Amino acid sequence: MKTEGLAETLSRVHGESKAAAARGRVATYIPALAKADPGAFGLALVDSTGSVFEAGDARARFTIQSISKVLALAYVMTELGEVAVFSRVGKEPTGDPFNSIIRLETSASRKPFNPLINAGAIVVSGLMPGSSPADKGERFRAFVGRLLGRGGVERDEAVYASEKATAARNRSIAWFLKELGILEGEVEDTLDVYFRQCAVSVDAVDLARVGAVLCMDGMDPVRRERVIAARTARVCKSLMVTCGMYDGSGEFAVDVGVPAKSGVGGGILASVRDRMGIGVYGPALDERGNSAAGLEALRRLSDELDLRVL
Amino acid sequence: MKTEGLAETLSRVHGESKAAAARGRVATYIPALAKADPGAFGLALVDSTGSVFEAGDARARFTIQSISKVLALAYVMTELGEVAVFSRVGKEPTGDPFNSIIRLETSASRKPFNPLINAGAIVVSGLMPGSSPADKGERFRAFVGRLLGRGGVERDEAVYASEKATAARNRSIAWFLKELGILEGEVEDTLDVYFRQCAVSVDAVDLARVGAVLCMDGMDPVRRERVIAARTARVCKSLMVTCGMYDGSGEFAVDVGVPAKSGVGGGILASVRDRMGIGVYGPALDERGNSAAGLEALRRLSDELDLRVL
Amino acid sequence: MKTEGLAETLSRVHGESKAAAARGRVATYIPALAKADPGAFGLALVDSTGSVFEAGDARARFTIQSISKVLALAYVMTELGEVAVFSRVGKEPTGDPFNSIIRLETSASRKPFNPLINAGAIVVSGLMPGSSPADKGERFRAFVGRLLGRGGVERDEAVYASEKATAARNRSIAWFLKELGILEGEVEDTLDVYFRQCAVSVDAVDLARVGAVLCMDGMDPVRRERVIAARTARVCKSLMVTCGMYDGSGEFAVDVGVPAKSGVGGGILASVRDRMGIGVYGPALDERGNSAAGLEALRRLSDELDLRVL
Amino acid sequence: MKTEGLAETLSRVHGESKAAAARGRVATYIPALAKADPGAFGLALVDSTGSVFEAGDARARFTIQSISKVLALAYVMTELGEVAVFSRVGKEPTGDPFNSIIRLETSASRKPFNPLINAGAIVVSGLMPGSSPADKGERFRAFVGRLLGRGGVERDEAVYASEKATAARNRSIAWFLKELGILEGEVEDTLDVYFRQCAVSVDAVDLARVGAVLCMDGMDPVRRERVIAARTARVCKSLMVTCGMYDGSGEFAVDVGVPAKSGVGGGILASVRDRMGIGVYGPALDERGNSAAGLEALRRLSDELDLRVL
C-alpha cells in the first residue's frame, strides 16, 4: 500500500463516515463536555514508518477521558512493574458496565476485574508516584509528553474541576476500594489524580501516535526509539481488545478486530500490530459511549485496509 | 521461517512444556473423562500452506467439549445467518463463570452474553437444523467432517451418555432459557443435541486444521477451498479472543495474544491470523479448566514464533 | 367483642372491600386460572372458640397455590422434624422475587433463603414421604384433610396439568437445587409433587380454619384437639410474617401486622395470635400477586378489630 | 402475672443466660468498642403500667449504634411524615447484609430496601431537620431525651470520632445514594449526622423504656402520655420484626417472636405488644452481630413469659 493511498483512503473514509455522527449525542453529564460540537470529526493515522496522515478535525483538542486508563496503566507498569499493578487489579473482561460496583462486593477475588473499568483505573491512579495529587498529575502528564514526543501536554481545567465536583459514583467506588484495602493513599487525593488524568487534553494525531507506539510494541516509529517496554505495550493492547470499548467491546472485536480504547470525550485510540496507530475524534457518542462517527470510520478502515488482527 | 524450523520448534516446545502437566488435574466430574492419562500431551500445527506438523500425542483422541461451541456457532451461522443467531445471544465477554445463570435473571437484555458460555451455546444448539436430536447431531458431525476434510467424525458414546446423565446445571440453564423464550424446541431435545456436540471425538491435528481454516478467514489451506464464510470465521475468532479461555481469557490474551478456545477434555484450538492453526491435547487442567501443558506450550510458541496478533 | 359483632363486622368489611377487586387482575399464566371471576370475593373467620363466620363467596373453591408452602412445611416438619427441613433451607427473608434463582448461585450458604419462596418450597416438597409422586401428593392431601377436620381435600386436575406443562422457571430452579445437592429424589418427580400440592382445592373457610389452628399454636379450636406441634405452628407463623406476602411482605406487616400467606389463586391465609384465623378468596391480584380485595379487607379488619400483633 | 414474679423471672433468666456471652466476641472494628467488657450483661424490662425491672448491668452505658435506626426513623416520621420518608426508602426485608451496596445497583426501584440497613438509615439521617450536622445531631438527641422522659442523652465522643474516621463502606454507600439522587444534603454532612446518632449513649433501662413506648403504640406507660404517633410506632415494630436482627431476623422471629432491634454496641431493644419493652446490654456478639447473652435471655423470656406475638 502506497503512502499516497493511505492519505486518500483516510480522507475518503472520513467523508463517508461523517454523517454517522448524527446517530450519536454529545455527553452532557458535565457542562464542559456538553459544549462540544456534535459534528466535529477528525481522523489521524501514524504508520510504522512514522508517517502521519490526517483528515478533518484531527487537530481539535478534547479531553482524553477513559483513554487515559490505558496510558495510566502503561505509566504505572513502567514505574512499578507488572506484579505491583496486577496484585491489585485483574486482567479479565467483565460484562458489567464501566462504572459498576457490584462485582467488588460479590466476586471472590475482591479486586476490580481489569484496569479499564473505573474501579480498576482508580486503583491504578492510586499507584502513581508523587508527593501530592498535583505532583502525581504533573508526572503523569510528563510521561504522556514523552510518549507523544513533545514537551508536555495540557489539562483542561474546566473539565477537571467539573468532574471533580460531580463524581458521586466514582467516589462510591473509591470508598469501596478503600474498604477492601486495595486503594493506596487518601480517597479524595486518589480521585483527584484520576480526574486530573482524565482531563488531559489531546487531539486525534496524539492518539494515533500512541497507537503507533503500541503497534510497534513500545518503539516510537517517529523518533525510532523505545518509549515503553514491549510487555507493557502488549498488556495494554490485550486489555484494549477484550475491554476497551465499554459494553460494545465484543461487537467491536467482531466488526473491526483491532485493540482500541474509547473515551467519553469522543476519542478513540486504535493500534494495529506492526502497521499503524489510529486516532479518532468525534464527540457524538452512541448509546454505549463510543464515538458514533469514529466507529463507522474504524469499521470502514478495517475493511478497506484489512486491518483486523483476529 | 523455514518449514524445518517449525517442526523443530514444535518438537522442542513440546519437550519443554510437557512437565507443566504436573500442575494440572484431569477433569473428574464424569468417569469417562477421569480415565484420561494426565501425562498425555500432543501438539499439532497446520500452517497457511497446508503443511502439518505434529509432536507427541497429536493423534490421541479426546472429546471436543467446549471447543464445539466455536464449531457449532460456525455451523449455525452458516445455516441460518448471523442475524438469526445474534438476535438470541450477545457478542460480549462476561466476567461470570462459563456455567453461570445469574445474568439471565439480572441483565436487561435477557439473552446470554455470548455463544461460548454454556447458556449461549445451548441457545446455539437449539438452532441446529434437523428432524430429531440424533439427526441434528449427525448433521453437525457432517459439518465438522467437511471442515476437517474427512468423511466423518465420531462421537464418544460413553462421554455423551455420562454427560447426559449428570448435567443438572445445564438443565437448569436450559429451562431458564426456555422461560425467557429464547430456546428453540424441547429442552431435553436441545440438551441432547448439546451433549452430542460436546462428545465429538477429535485429536490435536483436527484442532490445528480448524485453527488453520479460521486463520485463513474460512479457506482451508490444505484443500485450498472455502469451507466457511470469512465473516463467520471472524466472528468465531473475535469471540475466542475475548471469551475463549474461561476465566483466564484476559490473561491468555496478555500472555499468548491469539484467539483460542479450550475444552475440559484437554483440547485447545488456536488460530493465528494469516499464519497457522494450532491444536493442543493435554487433559491435565489448571484451576480454570484450561490444559496446563497446553497453556505452557502456547506461551512458548507465541514468544518463539512471534505469534501474537495484539 | 360479641359474636354478633364479629359477623356484622365481617359482612360490612366485605361490602366495603369488594370494590377493591377492580384494582387487580386475575392471573393468566395458565388458562385454568384465567377463567376465575375477577369479581369473586369471599371472607371467612374462625375464632378461638371454633365459631365460624362467613361473608360473600366464602365457599367458592380455588387452588391453594403458594399457600400450600405453609401447609407443606407444617407437614414435613411433622413427619421429619425441624432439623431435617432447615438443614436444607433457611429461615430468613429475602428481597428477591419468589421465583428467583440468583441467590442459589451467589449466596454463601447455597440453600434457599426460606420455604416460602419457590426454591425453598420445592426443597420441602422433595422431603415429603411416599413411594411415588402420586402417593406423596395423596398423603399430603390426607394431612390437609386432618388439619381441616374433614375426610379429604380435592385437587384441581386442570390446574395441576396446566402448571405441570408450563413451569419452565420452576424446572430451572429444581435442576439448580439438584446441582447443589439439596434436592431429594428425581427432579421431575419432586416437581410433580409440588404441582400436586399447589393444585389442592380449598375455600376461604378452609383457610380460616388453618389460620385458627395456627393462632392456637396447633390446637384446632373447633374439635379442641392438637393437630400440629406448637413449635411447628410458630415456625410457620414467623415465616409468614417475614416472607408471606411476596414483595409486599414488609408493607403488609406495617399495614395489617399479622402473619399471612397469599397465593396466586386469590387466597390469603391469616392468623392472629390467640384470637382467630382469617381466610380470603379474591382472585383479582395486585401487581405483587396478592388479592387486591383481600388486602383491602385485611387492612380494614386489622383496624376495626385491632388485630395487629406487632 | 404478679410484679414480684416479673422481677424474679428477670433475675433468674439473667443468671441462666450470662454464660452465653462466652459464645460471642466484642466488636473490634474500632478501638472504642473493643474496650467493652465481654462479660458485661444487663437486662431491663418496663411493663405496660410503667413499672421498671432490672437485672445485672442494666445501668451500664454503651453506644446505641444500629438501634438508633429505629429511633431515627421514628423521629423523621414525626417531623416529616411517612410519605416523605418512604418515597426514598422501602419497607421490605432483604436477604443482603446490613452494609450491602449491591441492591442499589441492581434493584429496579433504586431505593434502599428498608430503613434498618445502613443504606436506608443513611437516607433517613439525611432527612433530619437542622442547620448543620451538629444541630441535627443535637435535635435528634433531644428527641431521644423526650422519648426517654429525661432531659437529654449524651454522645460517646470517642466512638463518634472513631466511626467517623473509619467508615469507608458507609462512605461508599452514601456516595452511591447521592448518585441515585435520594440522599439529601452533602454526603459528609449526612454521614456526620449518622455517626452522631449511632454514638448516642444509652443503657438497658433506656432501651426497655423505648420498647415500652412502642408496645403501647406510642404512649409512654411511665408518664402516661403520647410521645410518638401510633402509626409511627407500628411502622417501627413492623420493620423490626422483619429486619431488626441482621441476617438472623428470620430465626429470631421463630425463636423469640417479637419485634426487636440489635446494635453492634451490644444492645437489643424488644417490644411486646400491649405488655412490655425489654432492653438488653451484652457486648459479646455472635457471628451475626447480635448480643449472644441477649439472644439467650430473650429466648428464655419469650418461653417463660409467653411473649411471642406470632
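Of note:
Residue numbering begins at 1 within each chain, and the chains themselves are lettered A, B, C and D in the order written.
In the analysis below, a residue touches a chain if its C-beta (ideal position, glycine included) is under 8 Å from a C-beta of that chain, and two chains touch if they have at least 3 such contacts.
Keep in mind that this is a model prediction, so the values were computed, not measured.
Listed by label, the chains that touch subunit A and also subunit D number zero. Distances between chain centres, each the mean of the C-alpha atoms, put C farthest from subunit A. For the self-contact between subunit B and subunit C, the two sides draw on mostly identical residue numbers; the shared fraction is above half. Distance from the subunit A centre to the subunit C centre is 56 Å, each centre being the mean of its Cα atoms. Put simply, the C-alpha centre of subunit B and that of subunit C have 48 angstrom between them.
A straight line joining the Cα centres of subunit A and subunit B is 32 Å long.
Across the assembly, subunit D contributes 106 as residues in contact with two or more other chains. Listed by label, the pairs of touching chains are A-B, A-D, B-C, C-D.
Within the complex formed with subunit D, the subunit A residues making contact are 100-102, 105-106, 168-169, 171-176, 178-179, 187. The residues of subunit A lying in touch with subunit B in their complex are 90-96, 103, 107, 113-114, 234-235, 237-239, 241-243, 247-251, 253-254, 257, 259, 273, 308-310.
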